[in-house]
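Input: structures, listed below.
One chain, chain A, links the two complexes that follow: it is found with chain B in the first and with chain C in the second.
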Partner chain A sequence: MSNRAVGKALPRERAGSRLSRYAPLVGLAVALAAAAMATPEFYSITNLVNVLRQASILGIVAIGQTFVLLAAGIDLSVGGVMGMSMIIAAQVSGGDDSSLVAAVALALLMGVAVGCVNSFLVVKRNVPPFVATLATFILLEGARDAWTRGIPSGAIPGALQFLGQRNIFFVPVPALILLVIGASGIFTLRRTAFGRSLYAVGSNPRAAYMSGIRVGLMKYSAYVACSVLAAMGGLVLSGYIGYVDRYLGQGFELDSIAASVVGGVSLAGGKGGVGGALAGAALLAVVTNIVIFLNLGESAQLFVKGVVIIAAVALQARRVLTPAAPIHQGRAAT
Partner chain B sequence: MLEANGGAENAGIPLVRAEGIVKSFPGVKALSGVAFECRARRVHAIVGENGAGKSTLAKIIAGFYQPDEGRMVARGREVTFGSPRDALTAGIAMVYQEFTLLPHLSVTDNIWLGHEPARRGVLNDANMKEQARDLLMELGMADPPLSTPARRLSVAEQQIVEIAKALAHDPSLLLMDEPSAVLGGGELDHLYDVITRLVDHGVGIVYVSHRLAEIEALADDVTVMRDGCVMWAGPAERTNRSDMVHHMVGRSLDETFPHRKTEVGDTVLEVKSLLLPGTEPEGISFHVKAGEILGVAGMVGSGRSRLARALVGVESTTGGSIKINGNQVPKSGPRAAARNGLVFLPEDRKQLGLVLDFTLAENISLPHLGRVSKAGVISRSLEDRLATDAIEELSIRTSGPQQAAQQLSGGNQQKVVLGKWLAAEPSVFVLDEPLRGVDVGAKAEIYRLIRDLADRGTAIMLISSELPEILGLSDRIIVMRDGLVAGEVASRDASEETILSLAVQEKSA
Partner chain C sequence: MSAPRSILTAKANQRSKGAFILAVILISGACSDVRSGGAGGNVETQGQSAEEKANLDQAWSEDFQKLGLEAQKPPAGDIEMVNTKKYAKDGPYRIAFASQGPTNSWALSYDETLQLAAETTFDDDVEEILYADANGDADKQVSDIEDLVAQQPDALIVTPLGSAVKAPIERAASQGIPVILCTGKVDTDSYVTRVDRDNTLNGTLMAEWVADQVNARGDIIMLSGIPGVPTAVDRLAAAREVFKRYPDIKILGHEYTNWSPTESKKIMESLLVKFPNVDAIWSDSGINDIGVIQAYIEAGKEIPPMSGEPLNGFLRMAKEHDVPFAAIGYPPYHSERCLQAALDTLHGEPQPRFINVDAAVFTDRQIDQYYDPQCSDDLWVPAELPVPKLKELNLC
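On to the complex of A and B.
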């Protein structure tokens, strides 16, 4: 064939261009360089391990969020799921390792249940994902307060604290957990029929349906995966913090969405991947850490986060508006 | 609008002249040094295959795109349009090929969007409605659905509203990009009437189309484009259809349809009293045999596409049965239909046929993910083989299986959709307007593909608005009207007249 030269093949990952593919990594490099100049303390081993731990917990949740975003959904209930999962761990186990298995199983089961409710509302009742997951979020908050009367009791079992706090050769355990989940996430999205179907559903649900893809089932799976990962994230976070209160998990819904979007996952569905979301999570954790070192207070944290997100989204939007030019076949034949 | 009393001195002044227009998009030069001129009181047709650059040229004149090089003169003054709004101010309006209506706004609001006739900022509702009604009735809508949201309109109705929206700007130059693509016979006649009337009033029309018959009937001037260049331009009387085709494709085209090679076999698809809501109590009954091409004709809105969608379970039905080789096909959706050997090529290629972000290989394997994967993991080599087979069998012009679907031309995109379903080795293939938006060169190839498919024993149902296509390809034709089968004719006994008379017959009381 004489027409090999026509039209670059797209990269395997569904990122729009090379720029957007590497943008989160470039952003991360810039943030790390900025850290070196502004706050040299950033590069102490203790702090690096700490940042990695925080990034890992956010990363676990962001992977789930990415699955939902890819299916053109959004999940605002992850923070609620994390909080509920921590309280289940504390209340059920009462800090005792012997009932740990039951507590973890119950927390994960709660994740499955929330994912089912979210996707039932979205798939069967046609509720916009934003509204459906906001409703379950409020429901979870209410249920938690009703159960604990606002003051959670119990304690985090020691085994969970191992998951949250320990290091293995300077590598925090949450990072190892993330490594396993992240690798399976990347493999699932890039190599499996399920991953391909999920991208198809997010890119063009109608064409996917016409091609015989079970669109509803894909959405169910994405929401359930997201809630279960959020429940796991909650367990690791509770082990890290070592106690429970009613504020834990707060803000993770927006942080996980921000990490994904900063990492190139499209809010419109069908574009991006786990790798980008993890880079985004790392970027957010680093930026937050720098701001804390600079002693600028919580409001400045939010402000800087906002700036990073706006910059990322602006870069993405520019890409969407660039018209895709058709390649003419007459040209291709020469 | 220019007044009719402008008289003879008005006739023929150039409303717009473009010189040396160059426009590139990432990776492709869409226009390389194009000159174009449209005069008042003239219909200037731009013809060419898909991707020739005709839409790009029209969009530059309408201010939608900005040229990289070249100059434009509108009524003697050099102009630079930064946006469609600038062009509208200069009296240049355009009817785009892609629909631009806002789905949730009413017809009236869509027509006046952006230039609402307001007095001191307050909209004059009654006035807006009245003028919108006048415009739509001129375009042949008997009872314009003024308050209906645009999303509830049929494709043909949307097109008419698009035209009314452009006319509401009172343009002195009106550009129309493939306005006839989705209109049926009656609506087309109204469109042609309106064009004639506008021309009488001194308006210049730029008419982008690839339907040569319509160009012969309408155009005063013709510009033929290929690969971003003007191949021929001049008055319509100095060219003819075969010359135009020659300039468009750079070669003469054998426009005859391929002939069947084998006999038809046993009945494969049998549909009995299928009830679409609103067509009770009779329902639709017909059958298609192995190796047979059943043409389905009828006006836009006669229920052809609804029937096709009902067969694959996308359109709801209230009764009736669909059987393939005697087995009942569940009406639960395309997945169940495909498992029973019934596949469907939808009319709307970009919305329903393809995932444009996907590569060619990924589009082709989408209905066959189970087949190309082992234990849920996709095998790249199996997937590429499936795609390479389709590329070869359908001679898809592409850089390879990894090329993005959106980079392909319309004809090649259609071949990808065909290839995706051919890989399913269907017993019944339902094709809804398979040749719409496909350029002349690819059309002949797709005709042959459809014929070959039938010769290999597939039962084919072909829906088309183009009567020559139906007549040329089908073995047997059913004509639909008001959601029911109005009649059936053998292809050798049929003519455009017999089909049309069945399609438009008055409802008997």
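On to the complex of A and C.
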């Protein structure tokens, strides 16, 4: 531990730290300003509602990913979990609202199971998180194909479509769900012993262990939370499309990591927070929307997305890529 | 559309393994030159196939008329005949099938059709189908083909998932194994015949019908599946050629949907804000249309005419919401024709280089002849598999 880590930060360093902390919000503001100049239609109510809905679904998954990243892990299985939760909802309910509770419960239970498998591999078997969760992802894909033979049958229940498609006073229901999950996430990380312990585990697991924190249990909790939130995201996304799309959830593993990292969550663990990840998800959704409005095509969409991620990470390079200094009160950003 | 979509699946994998795939392509390209001495040396041609050319001309002519449009001619070019005498041998035969794998309902129907034909129609001629499932992954298909060839089949049927399979196909051909390309293309001459639906025809039909719907004047949106996948590329290129001839048709936007209704809905929601008045939609697949229709329903707007494919789920939504459409088929059931071509080759019968398969072509006026409310959204109609088989596959 360096003296500076515990001492008072130099003014210049403090300013830099503040800049990097608010970088996702600054990026979002820049994107919104660019939208105002380039495509005024962006600010129509309909479009804002659309973007909010799309960002919310990514946001739900990104919150879970943030928990895992804070514990110095990574979860590549979220896309597979989302797809599987949709298939459970469709196959178990058969489109009938009366079986919805059972279908949702089973989907969430599947999320718990996948989270347990991921964390068991990481904590008990010392498998690197990247490999463990990639293996789980592949297993989920295989299980899905074996179950459905490539044809997920059934239908999405109407009540689930309410969650994915409807608005309440111009606010999409997914955004309201995100509001609840996001507030809970921020509260957990900032105000509870669990949150502080999670930062400690991600910053320096050895020190955390020495100070009596149950490191394994914290990691279990992070992976289970991530998979359960991915399962919820999958349910909301399947409600949004209202159709059994075999490829549902595809790409969310990388998008959720990108949203978190753009939002200032460190890949090395122990830094960042839910607020940043949400700003990151919003930024990605806004940028994608603007590129479609500008009719720039698929290659430009990927290019712009890549540039945004690089710019965001470059702005906060030290923050994102270096491990956190040992935990001290008030370090956690949201 | 599944072949395209599974080629797509491959795409998802390809994206994540981009560098690796690039390396495979480069290495396999290099290897092919060294080992097979270049393409074209393994297959002997013998003049042109007047019959197959006439079939293609007829498809171009009749399919336009089915949509109430003026008949057209295919782009110039003859179809070569391939001399297959050197492959002739006595049966029954062991046929290798390097499939994309049942990654969706199109691909499942495609595989099952071939297997069923081997057990019934061609039972006397087929000793065994050596099957390899690439799970939509072009990388895996390279090793699949190598494994199949090692079992010394009498003929090899390949559903190519990407250019990486060029080298193993050329190596198989250089060992004297006749190769049948079934759905899709590879940049090589080392195959006997390619059995497929002419995607240039499908793209042209879709575009001419859209142009007709807007009376050659209007604002349209174009939606394709996956960039770089031949099915999407050929249809899009053909459509763009058509729209060049209609200067008063303005293409407001063109987007790729990855053949996912979720993606197409997201894209269409945004486009509808930017362009509230769209006169028609050129879409290369019924899968895109499912998301498009949902976006229109939620926006509370009247749904414009759109091109698509005869996928039961799309037809259901079109019927429920009175959507004007033209459905241009890409039947998964043509895998049986591929097996027949392989057997004909082993009988020593000359084969045309390209065999175009017939497909259903119709509009919303004939929807009741095609839409099957008793069957799953995933069924590609008109179904050519027997009902018990469709039930077994959960398609009906």
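Quick note on the criterion: the second predicted complex is superposed on the first by the 301 of 334 C-alpha atoms of A that agree within 3 Å, B and C clash if a C-alpha of one lies under 4 Å from a C-alpha of the other, contacts with A are read in each partner's own complex, and residues count from 1 in each chain.
We adopt the following convention: contacts are C-beta pairs under 8 Å (C-beta built on N, C-alpha and C of every residue); 3 or more make two chains touch, one makes a residue touch a chain.
Computed from a predicted model, the values in this text were never measured in an experiment.
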Have a look at where A:Phe293 lands relative to chain B and chain C in the superposition and call it first, second, both or neither. second
On the A-aligned overlay, A:Gln91 touches which partner chain: chain B = first, chain C = second, or both, or neither? neither
Could you look at A:Ser197 and tell me whether it touches chain B, chain C, both or neither (first, second, both, neither)? first
Using the touch definition from the top, say if A:Gln165 reaches chain B (first), chain C (second), both or neither. second
Could you say whether A:Ile213 touches chain B, chain C, both of them, or neither, answering first, second, both or neither? first
Taking the superposition on A as described, I'd like to know which of chain B and chain C A:Leu237 touches: first, second, both or neither. second
Using the superposition described at the top, list the residues of chain A that contact chain B and also contact chain C. none
Touching chain A in the complex: which residues of chain B? 25-28, 30, 49-52, 226-228, 250, 312, 314, 333-335, 338-339, 344, 346, 351-359, 362, 365-367, 369-370, 373, 376-378, 397-400, 402-404, 406-412, 420, 439, 441-442
Using the touch rule from the top, collect the residues of chain C that touch chain A in their complex. 9, 12, 16, 102-105, 107-108, 135, 227, 252-256, 258-262, 265-267, 269-274, 290-291, 294, 298-299, 313, 376-378, 393-395
Which of the residues in chain A end up touching chain C in this complex? 39, 41-42, 44, 46-47, 50, 54, 145, 149-151, 153, 165, 237, 240-248, 250-251, 254, 289, 292-293, 295, 297-299
Interfacial residue positions of chain A with respect to chain B in the complex: 3-10, 14, 191-194, 196-197, 199-200, 203-204, 206-214, 270-271, 322-333
